[in-house]
Amino acid sequence: MNFSTLLFVSLFCGLILAQDGVNAPETGKISKRHQCFPDMCKVLQEFHAMKQKLGVLETRLKNSENQILELQNIERTKVIFSAATGGNGALGPFNTDTTLVYRAVKTNIGKAYNQATGIFTAPVKGIYYFTFFYHAGGAQPARLFLMRNKQIVAATSDHSTSYDGADNGGNAVFLQLQRGDHVYVRLCAHTHVWQNDAITTFSGFLVGQV
Amino acid sequence: MNFSTLLFVSLFCGLILAQDGVNAPETGKISKRHQCFPDMCKVLQEFHAMKQKLGVLETRLKNSENQILELQNIERTKVIFSAATGGNGALGPFNTDTTLVYRAVKTNIGKAYNQATGIFTAPVKGIYYFTFFYHAGGAQPARLFLMRNKQIVAATSDHSTSYDGADNGGNAVFLQLQRGDHVYVRLCAHTHVWQNDAITTFSGFLVGQV
Amino acid sequence: MNFSTLLFVSLFCGLILAQDGVNAPETGKISKRHQCFPDMCKVLQEFHAMKQKLGVLETRLKNSENQILELQNIERTKVIFSAATGGNGALGPFNTDTTLVYRAVKTNIGKAYNQATGIFTAPVKGIYYFTFFYHAGGAQPARLFLMRNKQIVAATSDHSTSYDGADNGGNAVFLQLQRGDHVYVRLCAHTHVWQNDAITTFSGFLVGQV
C-alpha cells in the first residue's frame, strides 16, 4: 500500500471517529462502529493485494500463451513427401553418377522436395526420415546411394544376372539435418532401375525439430 | 466508470469537504485531507479498471484453454498398425486380383485396420505413412500393389525364376487421405507371396492431421 | 460477504444518512445522496465477487500451466536412431544365432540404441517403429529376425543361389513396448549378410507414448 493510500486510510478512520463525537451516539452504537473500522482498512489492503496478484497472473498467462504458440508452431510445421520416378522401362545405365529425379509426386507437404531436380532441401533443422525402394531388371546391376550433401548415408544394390529377371532393393535412415541440407538419391554410373509411377520411389518426413 | 458511481464519487468527495466545515479543523489537517481526497476516488477508478482487466484475462484464459484442448486432441489421436499375413507356405496364385488379408496383427492402435478384410480405413483426414514387404518363392512371379481406394499408389514385384529360390520386395509411401479412404494391398492375379507371422507385412500410421 | 463487512456497510450507509441530518441539506441534495448510497455497498459486493473470481482464474491458470508442461514433455521426448553394420565384406555365417551389431551409427537421439551390443532398449513405454534392411551375397542364405525380447516380430530372408550374385531384403513393424524392452536383429545361424557403412541397416523411432 503506498503512502497516500495509507494516509487516506488513517484520515478516513479518523473522520469516522470524529463523526461519532458530533452525532453523540449512544454507547452501544460506538462499540459497533469501532468493530467495523478495521474492515474498511482491511478492504483497502486486500484491494492492493488483489491488484498485485492480478499483475502476476497476467504475466503467467502471457508466458502460457507464448508456450502454446510455440507448441502450435511445432505441430503445424509439417514436411512430408513421396514420389516415384514416373516414366516407363529402364532408366540408365548412364556413364556417370546421376541424381534420380522422381517426377511422379504423390505428396509434398511443405514443398521441400523439388520434382524438377530430385533434391530434397531441409526447410528447418531437425531429424528426418528417408526411405527409398527400387525395382530393376537383371540385365544390368543396380546401385543407389542416398546422399546427404556429398556424403553417402544409405545404399542398396544388386549384381546383374542372366538368371533372375528382376530384383528389388531399398533402405531407410533417420538423419539429423541442418536447414538447407540436400538429400537425394544417386543412381551410380553403369547401373539402372525400372521406371513407372509406383515402383521406384523416394519418400521422407520431418520427425521432429531439435 | 458508470454515471451513478461517478455521482457517488463527487458526492462522497463533497461530503468529506462539508465535514471539514462542521469540524472546523486547523489549517494543517484540511491540507492533508485535501491531499487524500483524490485517493478514494482513485481507488474507485482503479477498482473499475481492475474489473475490466479481470474480464479480459478471463477471455484470454478461455482461449488458451481451448487451444490446449486442441493440442491435446491432436496428440491423443493415434492411428498405428502392423500386421503379417499369418498362415504357412505360399499364398496364391489366384485367378483374380485379391486383397491381401494380414491376419497376424501386431499393433492396431485406433483400430483402423480390419484384420478380417485386410482393409485400412482412415478415421480422420490426414497424412499417413504405409509400408509393405513381401517374401515369395521363385516359382511364380510376385506382384503387389498398395491401393488407395481404386488407385495404385505403390508397387513391388518380381519375375519368376527357376534359378533363385526366393525374392523379396517392398515399398513405402506417404499419402494424404480423407476420412473413410480405404488403403489395402492387392495381390495381383497369378502371383503369389510367402505366408507366416513375420515376413509378409503391412504397416502404417497417421503422421499428422491437415 | 462476511458479517463484519456487512455490519460496516450498514453503519457506513447509516452514517451518511446521519450526516444529511447535521448538514440540513436542501431537499434536492438529499435525494441525490440517497441515489448514490447503494453504490458503495454495491462496490463492496463487487469487490468480494472479484476476489472469488480471481481465485478461480488462478486455479484454472495453474491447470493450464500443468497441461502445457505435459505437452512440452511429450514433444521433447525424442528417441530416434539409425545405424549400419560398418565393416567390410561378408558377416557370417556363424554356427549360432547372433545379434547383429550395427556399429556405424548415423543417429542416436535419446541414446536408446547401444552400438556395442546392437540392442535397442525402450526408455519409455510407447509405440515404436523399427525397420531393417540387408544386402547379402548369393553364396549363402540370409535370414534375419527382428526380435522383441525373445519374440520374433518381423523377418526377412533369402535362399542361397549360385545364379544370383546378391539379394536384398528388409522389413518394418510398429510395436508397443514397455520401458526396458529390448529390440535387436538376430542373424540366424548359418546365414550371412554384407557389411559396410550404408547397406545393412537398423533404424527406429518413438512414434508416440501411450
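Note that the chains are named A, B and C in the order they appear, and that numbering of residues resets to 1 at the start of each chain.
Rule of thumb we're sticking to: a contact is a pair of C-beta atoms (placed from the backbone, for glycine too) under 8 Å apart; a residue touches a chain by one contact, two chains touch by 3 or more.
What you see is a predicted model, and the numbers here were worked out from it, not measured in a lab.
Fitting chain A to chain B on C-alpha positions gives a rotation angle of 120 degrees, to the nearest 5. Two copies of one sequence, chain B and chain C, touch each other mainly through non-matching residues, since under half of the numbers at the interface are common to both.
Rounded to whole angstrom, the centroid-to-centroid distance between chain B and chain C, based on C-alpha atoms, equals 13 Å.
Across the assembly, chain B contributes residues 19, 22, 47, 50, 54, 57, 61, 64, 68, 71, 131, 161, 163-164, 167-168, 170, 172 that each touch 2 or more other chains.
Contact residues of chain B toward chain C in the complex are 4-5, 7-8, 11-12, 15, 18-19, 22, 44, 47, 50-51, 54, 57-58, 61, 64-65, 68, 71-72, 75, 78, 80-82, 84, 106-107, 109, 131, 133, 135, 161, 163-168, 170, 172, 196-199, 201, 203, 205. Chain contact summary for the complex, chain A toward chain C: residues 16, 19, 22-23, 32-33, 35-37, 39-40, 43, 46-47, 50, 53-54, 57, 60-61, 64, 67-68, 71, 74, 127, 129, 131, 145-146, 152-161, 163-164, 167-176, 207-208, 210.
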